[in-house]
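Take a look at this one; I'll ask things after.
Letters A, B, C, D, E and F name the chains as they come in the text, with residue numbers starting at 1 for each one.
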Amino acid sequence: MKILVINPNLTQAVTDAVAAVARRFAASGTEIVAVTGEFGPQVIGSRAENAIAHHGVLDLAARHHAGCGAVVLGVSLDTGLLALRELLPIPVVGMTEAGLFGAALVATKIGVLTFGARMVPAYEELVKSLGFADRVVGVDRVELPPTATFSDPQAVRRLSLEACARLVGGQGAEAIVMAGAAMAGLNETLQGEVPVPLVDGVACAVPLAEMLVRLGLPKPTAGSLAHPGARSVRGLSPELAALFRAKP
Amino acid sequence: MKILVINPNLTQAVTDAVAAVARRFAASGTEIVAVTGEFGPQVIGSRAENAIAHHGVLDLAARHHAGCGAVVLGVSLDTGLLALRELLPIPVVGMTEAGLFGAALVATKIGVLTFGARMVPAYEELVKSLGFADRVVGVDRVELPPTATFSDPQAVRRLSLEACARLVGGQGAEAIVMAGAAMAGLNETLQGEVPVPLVDGVACAVPLAEMLVRLGLPKPTAGSLAHPGARSVRGLSPELAALFRAKP
Amino acid sequence: MKILVINPNLTQAVTDAVAAVARRFAASGTEIVAVTGEFGPQVIGSRAENAIAHHGVLDLAARHHAGCGAVVLGVSLDTGLLALRELLPIPVVGMTEAGLFGAALVATKIGVLTFGARMVPAYEELVKSLGFADRVVGVDRVELPPTATFSDPQAVRRLSLEACARLVGGQGAEAIVMAGAAMAGLNETLQGEVPVPLVDGVACAVPLAEMLVRLGLPKPTAGSLAHPGARSVRGLSPELAALFRAKP
Amino acid sequence: MKILVINPNLTQAVTDAVAAVARRFAASGTEIVAVTGEFGPQVIGSRAENAIAHHGVLDLAARHHAGCGAVVLGVSLDTGLLALRELLPIPVVGMTEAGLFGAALVATKIGVLTFGARMVPAYEELVKSLGFADRVVGVDRVELPPTATFSDPQAVRRLSLEACARLVGGQGAEAIVMAGAAMAGLNETLQGEVPVPLVDGVACAVPLAEMLVRLGLPKPTAGSLAHPGARSVRGLSPELAALFRAKP
Amino acid sequence: MKILVINPNLTQAVTDAVAAVARRFAASGTEIVAVTGEFGPQVIGSRAENAIAHHGVLDLAARHHAGCGAVVLGVSLDTGLLALRELLPIPVVGMTEAGLFGAALVATKIGVLTFGARMVPAYEELVKSLGFADRVVGVDRVELPPTATFSDPQAVRRLSLEACARLVGGQGAEAIVMAGAAMAGLNETLQGEVPVPLVDGVACAVPLAEMLVRLGLPKPTAGSLAHPGARSVRGLSPELAALFRAKP
Amino acid sequence: MKILVINPNLTQAVTDAVAAVARRFAASGTEIVAVTGEFGPQVIGSRAENAIAHHGVLDLAARHHAGCGAVVLGVSLDTGLLALRELLPIPVVGMTEAGLFGAALVATKIGVLTFGARMVPAYEELVKSLGFADRVVGVDRVELPPTATFSDPQAVRRLSLEACARLVGGQGAEAIVMAGAAMAGLNETLQGEVPVPLVDGVACAVPLAEMLVRLGLPKPTAGSLAHPGARSVRGLSPELAALFRAKP
């Protein structure tokens, strides 16, 4: 089975990091196909960039999902999650959603760690929209750009440990979700110094996608995630336009 | 002062209806500039179309906001609201947000009326994301496409009255927000037969935008609605790309 | 159009401060009529004084609303808001309600600033009763009596800036509502040193009242804000008793 | 020990009904002193009347609490509850609060029954303000005025049983609180035909007041229920003014 | 009347402390019968021990409730509360539930104090399950084992006062519930140094149980607390098995 | 790898049904070991039986988990879930928890279907305790005993379809979790006639358990799910007592 991993931003290094984790946690027999955005933000660091990436995610999914059994969103705001779930004939799993589910299976209260104070409200809103506000006790952050993962890993490490200590000691977090595609794999290098599980969203998303394929649940024909039927659109890529043409 | 009204879908008739209401409720001295989407959905009727419209809204705002004092979103899912608020140097008001605020000033419990069962969850999510879940007692709908406003106004009228009766009699709504850009002005033709105020989002959004201009609040320099600073983007219209170049 | 501004406490200086702000943010053509309480508390600084002010607010409204298009409550606990909305034939806007709405149009998470720790729970309860608990991240306070605004403005200024810093830095507030009638206008002298908008409730309440007049929504005839019809009361001022006699 | 039962409305028959229940559920050795309002509404049937009754409740408490060990509010909106708890040196228990506590000790999900649709939102707000929204599944009503208890008891009985059936069968209520001072004692005549406990607020309030006297908890000196200290007031009865003069 | 106080853990000293408080706050004429667990944990200090104590509580109740008018749970996690309420023909009151109700009658915001950080989430979950999350502002703890009450009372005292100061000063608690059976009576030795009421759960539970007996509410025949009817069980004590045989 | 499936009730047919589903959805290479309760309820149909089953679940886990990589709870109230997660060195997944997670990956609003009105509140409480109240729109039920699955499958089928129609049409459920161990596999026979996915908890729990084994997250050493350390217990089976002796 093939799983399509979508990174809607333009940074290939992030795609590579995400794909590496995806491959490590995929079952034998699962192939990971990872794609990178072609327009929009280099790295999503604002609400406006995330808004544009909604279009990018749909476009990538439309052009690359053929032959895949499921989609994993390799973008930590789970950009376009419900839109894809509605439009595509195959299951879709968001990486932060997946991380929260993984954490919820090993902890009561959950912390979330991301990059940069200005995106903290956006993650809080994501948590709330996923219905996880009752479980998440705090979103904390490393005050560095996501790219520091590659350029200054020591600072990322040090500030991450400080944030983890605040989440565990201050907020009572019993597991921490690493919310940042650029953080893929970071949890393993920190785990030895943190007393609660550090959960990587991509590492959870791949087995969850495999689970959905195994379950074989039917695409709904009622509700807001049923395919909308033929819709009139203009100015989109042919592949994306095709998804609006008729039910699969 | 000029207010830019953005309709990101491609239907000029909707823009015209929205602009007409906007002009009726604008103060003397306020000029309404209304623009229509150039790519994306003809009418937003699914999550996927709304996701694409995020891009469209930002693009329209980037290309048309110069010289305007504020923006009003003429799309009832308030598509791209926070992204615009972050990116633009001027105030932005969503039409459904505005309708909820208007209703909250004359009612304790609020009902919302829209088109089509499949979009009800999306409006419920919008209400929740705006922090209005405690005030809104129900989202009900007319089971017709939004375009029926123009093609079958009698059916829209009849089904709207039935939904209003359910919201008032069953849910205890004390005011009802008409959530649908295509519904602009519909409230007035129904009001005589409904015992609680029917609130048009655009009619509220324009005075709210005027209020924000009058208040002259500064653009924040902290938090998730401060301008993100220079960001690297690609493949966007020059006007939209320019908004990411530097703080205004 | 005339707007009646009601300050139910007995301090004329507070009424004057509130009226001055009201006039600055009124549209040209709006006349502000401000009245001061005649019995009850000098300054509301406890639950018990606020309880008594409910009577005072209704009495003032009954005696002075004739000829006015709307009422603005110049008391930061929005005392008697729903009772007035039910009883009067014209729109009523509370100043803290208005400040929260104004803040919600420019911020995701909102802070509230008031005087004195002992009233913090009362403001938290007000926020909750208005359905704004999801948006308000904290109520902080200046540990001085409201009258310090006039007697020790430097201390008010210093402590207000400290509280703003706690709300923005600690709680993530993206706008701050100044909740205290005596604080009217204070926001402008502090704004230069705070990175998020400071919102004055009265400055918002007047345009919101004007908006409601412009909308011309009908008085509801169903629900808890419809006029209760003829009721039997005793021992009230003739003007207040008259409001209970029959529907307007 | 004496318990002061306060009915702020002007209807002696309601006071008598409340006092009779209070006496039946008082411990031997407890004396019930019941007082009736002297200004304000004949019967509270609107938000505005309830607002005025805040003043009435405080005035009655000030004039009659001397020599009493506790106060019970014989008004089903628990009018002035927190104000009295702040101002008086003795414990105060509201009748609907008490009924909810009693019901919560014998049921998971609670229904509330009152008179008249227009007051349903006010009871819902009371439930929320008491922090009981998680336990209360619905507020239903008898569509008659409270005085029908005396004038048309058969209709009250029939409509009450219908409402109880809706609360139990439809909402899953496992106990029902009778919220209406005029309903005092009604529960016993209905109980035989309802499969879950019917809880009278006054019957619970008296033992709860006795419990608080027995516990002998100190009056707080911090927080919003500590006495506010000397406050300046004007135009109140001498007894009420005296309560603002200094801490007891 | 006899009230059965159940301590499901195996420590007689805890039972004795609980019973002593129960007797002090019982009405004259109430006899306290206190029983101690016979299998399971010496002291409940983990979720697993509490899980096992569910069985122990039911077993003790089955064997000792005959002739009693009510049951009080002398275990601060209110272990088995709803199960007993369903199975027994007499009222049941949990000690922490009772403490929360007592606190709610004298405070708006409530703090909870317990032993040991690892049990804080369990108390938070209990508070939430009782529907009290809106009232409780924090659960703080003394970082000692419950048995320190007997072995190192000075340390318990000092750390309790520190926790109370955090709850009052930091969280705004207006009353504090002592949640720990081993804490029975501790509140009185601390009260002089804390500005808000300290509430002992057992001291409240006994009068609440007496209130329920006085009210004489019928056992429900509908809902989740009605007796389940004859059920097939195996391997239980004869007395416990008998409770499953038929409705009382 | 071996996964231990625990059914704490005494009905082997339920264990067999659960094990059959577990085996169908296990990865190749996963062995399912299923055990049945030895004391307590034949079928859990009341709160009291569920309380006793807490002990049974822990006892079965203690005696059978050696050599297993994970535990799946084959009891739809997820009895003892957190206690096991705390006490055992291996991951534990509850079947209803798993079903909710599975449903949440394919739906926004979730319905739950169970047997018998009297257990509906218990499932509502479980949903709330899992933090899923924001996602679950209703718990509906088949008004038959769980054993009807075997004795009257046609009635179960018919009533299940009616309940599904209520959940989808009335509540807007976009997926339905079958909450009842005896329902294992029922979803497949109904799916053809329901327009949204029907989710079997056990079918989800097994892949989730496999995911946790693959992730290899460390057992926490902080928080309420860390092993409690050596605890003193009495009267338990040697295997269960051993789990309290020391950290694994």
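Operating definition for what follows: contacts are C-beta pairs under 8 Å (C-beta built on N, C-alpha and C of every residue); 3 or more make two chains touch, one makes a residue touch a chain.
These figures come from a predicted structure and were not determined experimentally.
Between chain E and chain F, the least number of touching-chain steps is 1.
When every chain is reduced to the mean of its CA atoms, the largest separation from chain A belongs to D. Among the remaining chains, F is positioned farthest from chain C, on the basis of C-alpha centroids. Interface equivalence for E-F, evaluated over A-F, C-E or A-B, points to A-B, where over half of the contact pairs coincide by residue number.
Chain D and chain F have centres, each the mean of its CA atoms, that are 44 Å apart. Chain centres here are Cα means. That of chain C falls 28 Å from that of chain D. Residue numbers of chain E whose C-beta contacts span two or more other chains: 82, 108-109, 120-121, 125, 172, 174, 223-226. Shown here, the protein chains touch in an arrangement that is not a line, ring, star or fully connected set.
Inter-chain contacts, as defined above, occur between A-B, A-C, A-E, A-F, B-C, B-D, B-F, C-D, C-E, D-E, D-F, E-F. On the chain D side of its complex with chain E, the touching residues are 25, 27, 82, 85, 91, 93, 97, 101-102, 104-109, 130-135, 168, 172-175, 191, 195-199, 203-204, 207-208, 210-212, 214-215, 217-218, 220-226.
Residues 108-109, 172, 174 of chain A are the ones that touch chain E when the two sit in their complex. Put simply, chain D touches chain B in their complex at residues 117, 120-121, 125.
Across the complex, chain A meets chain B through its residues 10, 38-43, 45-52, 54-55, 57-58, 80, 82-84, 86-87, 118-122, 125, 128-129, 223-226, 228, 231-236, 240, 243-244.
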